[in-house]
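Think of it as A, B, C and D in the order they're written, each chain with its own count starting at 1.
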Amino acid sequence: MSGFRLADGGRIDRRTKRTFSFDGKASWGYAGDSLASALLAQGQMLFGRSFKYHRPRGILGAGVEEPNALVTVDRGPGRVTPNLRAPSVALHDGLAATSQNRFPSLRFDMVALNDQFGAFFPAGFYNKTFMWPRAAWEKVYEPIIRRLAGLGDSPTTRDPDHYDATYAHCETLVVGAGPAGIAAALEAAANGGRVFLLDEQDEIGGGALSDPAQWAWLAEASAKLAAMDNVTVLSRTTAIGHYHQNFVVAAERLTDHLPVDAAHGPREKLWRIRAGEVVLAMGAIERPLVFEGNDVPGVMLASAARTFALRYGVAVGRKLVVMAVHDSGWRDALALHAAGVPITAIVDLRRDIAPELAEAARDARIACYPGYAVTKVSGRLAVDGVSIALAGVGKGLKLDCDAVLMAGGWTPTVHLWSHAKGSLRWDENWGAFLPDKTHEDLRCVGACAGAWDFGSGLSVGLLPAPKPLHESKAFVDFQNDVKARDIGLAVQEGFRSIEHIKRYTTNGMATDQGKTSNLNGLQIASGVLSRPVTEIGLTTFRPPYTPQSFGAMLGHHKEALFQPLRKTVIDDWADIQGAVYENVAQWRRARYFPQGSEDMDAAVARECRAVRSAVGVFDASTLGKIEVVGPDAAEFLNRMYTNPWKSLEPGRCRYGLLLGEHGFIIDDGVSARLAPDRFHLTTTTGGAARVLGMMEDYLQTEWSDLNVWLTSTTEQWSVIAVQGPKARRVIAPLVEGIDLSPEAFPHMAVREGQICGVETRLFRVSFTGELGFEVNVPAEHGRMVWDAIWAEGQKHGVTPYGTETMHVLRAEKGFIIVGQDTDGTVTPDDAGLGWAVGKKKPDFVGKRSLARPDIVAPGRKQLVGLLTEDPQMVLEEGAQIVADPNQAVPMTMIGHVTSSYHSATLGRSIAMALVAGGRDRMGDTLHIPMPGKTISAKVVAPMFYDPEGSRLNG
Amino acid sequence: MVDIAEIAVSAAELKLGTEPVQGDGVRLSHADPKARYSLRARDAKVLADVIGCALPGKIGDTDGGIACLGPDEWYALLPAGTDLPRGEGLPVSVVDVSSRALGLVLEGPGALAVLSSGCPLDLAKMSVGRATRTVFETVEIVVWREADDRWHIEVWRSFATWLWNAFLAAMPQAK
Amino acid sequence: MLLIHCPYCEEARPEVEFVYGGEAHIARPIDPSAFSDAEWEKLLYIRSNPRGRHHERWRHTHGCGRFFNAVRDTVTDVFETTYKAGEARK
Amino acid sequence: MKRFSGFNLIGEAFRSHQGWPEHWPDKAPKASYDAIIVGAGGHGLGAAYYLAKKYGITNVAVIEKGWLGGGNTGRNTTIIRSNYLYDESAHLYDHAVKLWDGLSQELNYNIMYSKRGVLMLAHNVHDVQSFKRHIHANRLNGVDNEWLTPEECKAYCPPLDISPRTRHPVLGGALQRRGGTARHDSVAWGYARAASALGVDIIQNCAVTGIRRGADGAIEGVETERGFIASRRVGVSAAGSTSLVMKMAGLDFPLESYPLQALVSEPVKPIFPCVVMSNTVHAYMSQSDKGELVIGAGTDQYTSYSQRGAFHIVEHTLAAICEIFPIFTRMRMLRTWGGIVDVTPDRSPILGKTPVKGLYVNCGWGTGGFKATPGAGDLLAYTIAHDAPHAINAPYNLDRFRNGRLIDEAAAAAVAH
């Protein structure tokens, strides 16, 4: 033995050395080592500090159950990952790991003073104190608590890695590639279906990896699986959770086991697997025993010591004592002995040991202490001996040793079974819960089903001890520093349910998620309460099975691919023009087009003046569009919208107002009748999908007798609004087949023809109050037509304008914007749109709700215009309005400003507002209290420009 | 000290490629221009008479460039320029949506893996010649299996840039 | 993610293709104006919200586009059946 | 009740803490009570406490089908704020915030109310308008809420990415400095302990199986797994199970129960100093005193009592978190869990009387009930004690669904145009 490395054995590659560093100190191991095994081989026993008391801690387990040995791995800028379990970190060249939760160093941690005062910090201590003086909680206590909490440090820079994701489908999914899982996969694969076999470790084999006798079989089975086309084997892949109907989510770690310069491609991959049948072969985890000093570095699970010796060729000590209550501890001791790891003694609480085990131990010259329990472990940073006593309380003796192995029995890993809402039953023999019933096509095999021979044993958790429980320092949850006496205290303080005990003590809530502590906690509570375990309950398992990176969960949805950003075909043109954009729903839209050093106000003023005096062009393509076709199209729209539609003649347009069944405005838009059985609807940009869904709902489920169909044409048409007194002159040379004269083509009409040689639906509509057209052309031609209009417009001083200018222009005309001037609580009458409600219509969506008592009551908020006393004062949108500015807070607010702009056209500010009883307040002066000042404004009709509409009809 | 570097590429900077991209075992390209129609009718026969084409009868089936997407819905991908009669006055709906969508093509042995990276359907079980509306992550698409290793994907125009780039991101892993 | 059998497509499809439509078999009256405020309230807002069998509407929005009805156990989320819109309550 | 204090804690340390009594004795139900609260969450326990403390009704039982605090109280992301838009909401939630302040001292139980501020992010012009409207309304209602520029947002929460190149650039934020978090379990335990000390019986593992009404229709008591318990006044505060309890009284309710998920990361050293909410990107996060990032996910689309949500909700949630806080992609998700939230048509609660005499209800808090805990408890207690609602909860009646006087905060934030 060199150091702690055994002379031979293990699955490591002794010809290939790997160099790494731990806490800045260079070290080495072999290919195939884990960080834990490599450090153990160098004699490192101390791996970390506990959460609360900062007690020195070593390795407990050899797998994902490890609570103590957490490290931060630094793979370069942005690639720092905290809280990784050393036994699960594969060793590679250049690996740089550091210990956590210690200051200044692992061996000397000043915060370990906490441990000296541990008596003052029992479970739930924070509930009992830090309340006086009151202000000190925020200023002193909480900041200190926060600073002491936490494990590793969070990353602080952007992660340069990317992540992958996929869906997958199979007939059989096997989770866990130990002997039982491999057998299940081979069996399923023979039936020809698609089989997935997942395993969280670097190589498949599970428990067989720690049993050289099975390696030949394992190699053969692995080869067989690899050769089958219908089998996908994924190692380093953790099944995170089981969701409805056998949807199992797994994360594959692709690069973290490689040296940084050899890591290419995504770091992790999310597998979203739908399986016909799921077979869980997740094995079992050995339980620690709870006794004084069971957290001293060097006290670990017997199964872990076995794995380190037989898989990694590392002895965890030179003189080992085994503390067992289960046969498996003896088997492991014998296997370790055979591998050359010196076992000094086996202590077992049971008096009667299976004769063949006792005999084998005797043959191996291992001292045996049946009926004994460890009562104390000596040593602080490492074990230097144990005290044992008959039945824990009788005559004692001391044993010299440098490691203690615990064999407390086995807990089947039923997490995914439990995620699937499978029921569990208590099994006395295992001292654990086993799978019972499920409504999914799901079954367990091997150890997690309780079908594995670990021998027999006691399920005691807490060992008998000379000290009373409330004085002992025997740990249950190592990472969270939960002692057996904390569970006793919780029970003493009236916490009876296991959920309460868990939350009060934090037992099982550490990053190991209670894999080694849940059942011991339950057993201890059961003992203290003198009630059977089944009456205390079981904490439910929730995904993920082990902690998983956020990155893996989000897959491709990172950075540029987070969410689609929708752009129109004219967007590129706007970009070249230097447009400033705003996001509206999923789209980005040009908000304004600054020239030179213009700010938004200046640009918008210029754009407004251009539209009012000459002509502007605006990309309105994002408006939602729905083609409504069929003999009953008019009847359908008549039922959906508030106003009448049957009388609308082909070739004409109408403003449509859409309510929810609750009577409030949800959308609006101008729509055209193209033919008796064909309408072209428009909706708001953000409302397109919602309106179509709502219309489909009514059509399919309420009025399925109607012969009418809805087709989304939002993206079929590019829409170019050409607005202003010179609009007709701009498009006239480009249009063919449409008489553009005011007589032949009046306001609120639609014509089909050609523009620039492509088909167009030309609307004569205006959201600006000027003469205006909306040119609809198939999107593939949108840019070409835009360019043509732009070129032609040069003769007439054409100016591109954005959404902000559109907003100002429409506000000057008092046109509402749904979602800005309405907010989901506004009726047509509230918005001053009573004219758009068909009084004679017997029914339309939302009509009945308009007759509800509160909707017809006086005093509702109504849309009005506001003119500030100071014409240059622009109100803030969202500002609140009061009648009496001198009242005390809380004030009675009677409304708020919905839209507010400086109008370049009018040379003053204008605003729209929803004001209680607003139409009865015309001419009144109301007040808008702002920080440090109150603004006064007069209530006027919400129409500031060209009230007769003469400009529309030019 | 938190220090967040700006992202290299923003969503606004993503580009819709114009030229085919050849990866390891998978190629992404644009489909040829098509005429696209959304066809609706309660009675398939009336619709078939209007447009003068046979219609596949079962949801998911395709026939002559027309896919049956729903019990009263067909989606036609026809040679560019095809002009279908509208059937005015009849209980049918014929709507030209040629410009609404773009067609992307994934082909090669890795095509299935690229598509499966974001589409939750069991596409391996989809027969050649079948088509369906579905999603790729949050984006609606129509998937048409044109050959064993060739998939035609219809996507609304403004989502095409995102989808193109999502496919590109998945391609290196799809072997 | 649920797997939902669409009665039109006649196959089980992933939940993300569907949009939930609330409780089923709440028919809008032919003449809502004949409804009292209380009846209208019931139609708009009162829901059975049972623990167990729930009749509900789904739309295969990103599939065949059709609304249909389902019976699902709200405790286990297991679908008992799905059936086409217009068919009698199951 | 043995007083909790640093002094007593030290004293107990010298006798191994053997002197701490039960927080609340486990009681068997008596034959009758002056009032019964159904549901031992924070709201129900709070109601019992205030009935005893403020309104002098101490012969009270709180009955709970499981373990106290085991429903939404113990499953939420513990956000506290009151910067709501409408007067009704601002008054309701601010009543609660005022009670949160000093609650640790009042209950003699440290509920760890941490006023670290709630920052709500605006990502588009519509958000800005909506938040400004909130801020102005809050100011005139005496509720603190202030506008921060993107740079100020970043200074307040350094992990925030305020680059204009993100998909949803941060245009600013609304900050309520009094907002924050509290330790959820401690709230339930603190109220239970304090109520118990005032004579309230806390009866766990006692599901209600029926509600008994007399010939006149008025409440006579509740049938439970452990027998009939008489009372002329019954307050139901049963969250996701309210529909079921109301059905026992013959009442159909405007409620639906949805699965809501939440999750936490592994604990790390302090990195995230406040609560951040983004409705547009759908991300809600804070960091607990223990160091875990606490993240609220969305509800599933369908009603369910399974306490089991879908995975794609988690995917979308974490994508949103990493979009706004890109330094966290390597952080790891430790636990996810599900709750059942009861949602009304206007997503505001129902808190007041019911058509059945002697039956009172507190429900419909949806995803936002934790922040209201002390207020809801106090107002339910007031309503029971006076057989009439307090002015603050009067608008939260059942009639609003008939007359159309809805309180729809979410609609007010609705997006169109």
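Methods note: a residue touches a chain if its C-beta (ideal position, glycine included) is under 8 Å from a C-beta of that chain, and two chains touch if they have at least 3 such contacts.
Everything numeric in this text was worked out from a predicted model, so none of it was measured.
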Path length in steps (a step moves to a chain that is touched) from chain B to chain D: 1
Chain pair, A-C or A-B, that carries the greater number of C-beta contacts: A-B
Chain B and chain C: spacing of chain centres that average the CA atoms, whole Å: 29
Where chain A and chain D are represented by their mean Cα positions, the distance between them in whole Å: 21
Set of chain A residues in contact with two or more other chains: 156-158, 243-244, 247, 272, 274, 421, 557, 559-560, 562-563, 565, 662, 849, 852-853
Per-residue multi-chain contacts in chain B, two or more chains: 2, 4, 7, 10-12, 120-121, 138
Shared-contact residues (touching 2 or more other chains) in chain D: 166-167, 271, 306, 308, 310-311, 326-327, 345, 402-403
Chain-level touch network, classified as line, ring, star, complete or other: complete
Chain A - residues contacting chain B, complex: 156-158, 162, 164-169, 194, 265-266, 269, 272, 274, 556-557, 559-569, 581, 586-588, 627, 629-631, 675-678, 707-709, 711-717, 778-781
Chain C - residues contacting chain A, complex: 1-3, 14, 19, 21, 27-28, 31-33, 35, 37, 40, 44, 57, 59, 61, 65-67, 76-78, 85-86
Touching residues (chain side chain A, partner chain C) in the complex: 243-245, 247, 272, 274, 421, 439, 661-662, 693, 696-697, 700-702, 704, 842-843, 847-849, 851-853
Residues of chain D that touch chain A when the two form their complex: 4-6, 8-10, 13-14, 16-18, 20-26, 66-70, 74, 87, 91, 102, 104-105, 108-115, 123-126, 129-137, 139-142, 166-169, 183, 185-186, 189-190, 204, 265-272, 289-291, 306, 308, 310-311, 314-316, 318-319, 321-323, 326-338, 345, 400, 402-406, 408, 410-417
Chain D partner contacts - residues on chain A that touch it in the complex: 51, 79-83, 119-120, 122, 125-132, 134, 137-138, 142, 145-147, 149-159, 161, 163, 241, 243-244, 247, 249, 270, 272, 419, 421, 470-471, 485, 489, 492-497, 499-500, 503-504, 506, 509, 511, 513, 542-544, 547-551, 553-555, 557-560, 562-563, 565, 582-585, 591, 662-664, 666-667, 684-687, 817-820, 822-825, 849, 852-855, 876-880, 882, 889-891, 893, 896, 929-931
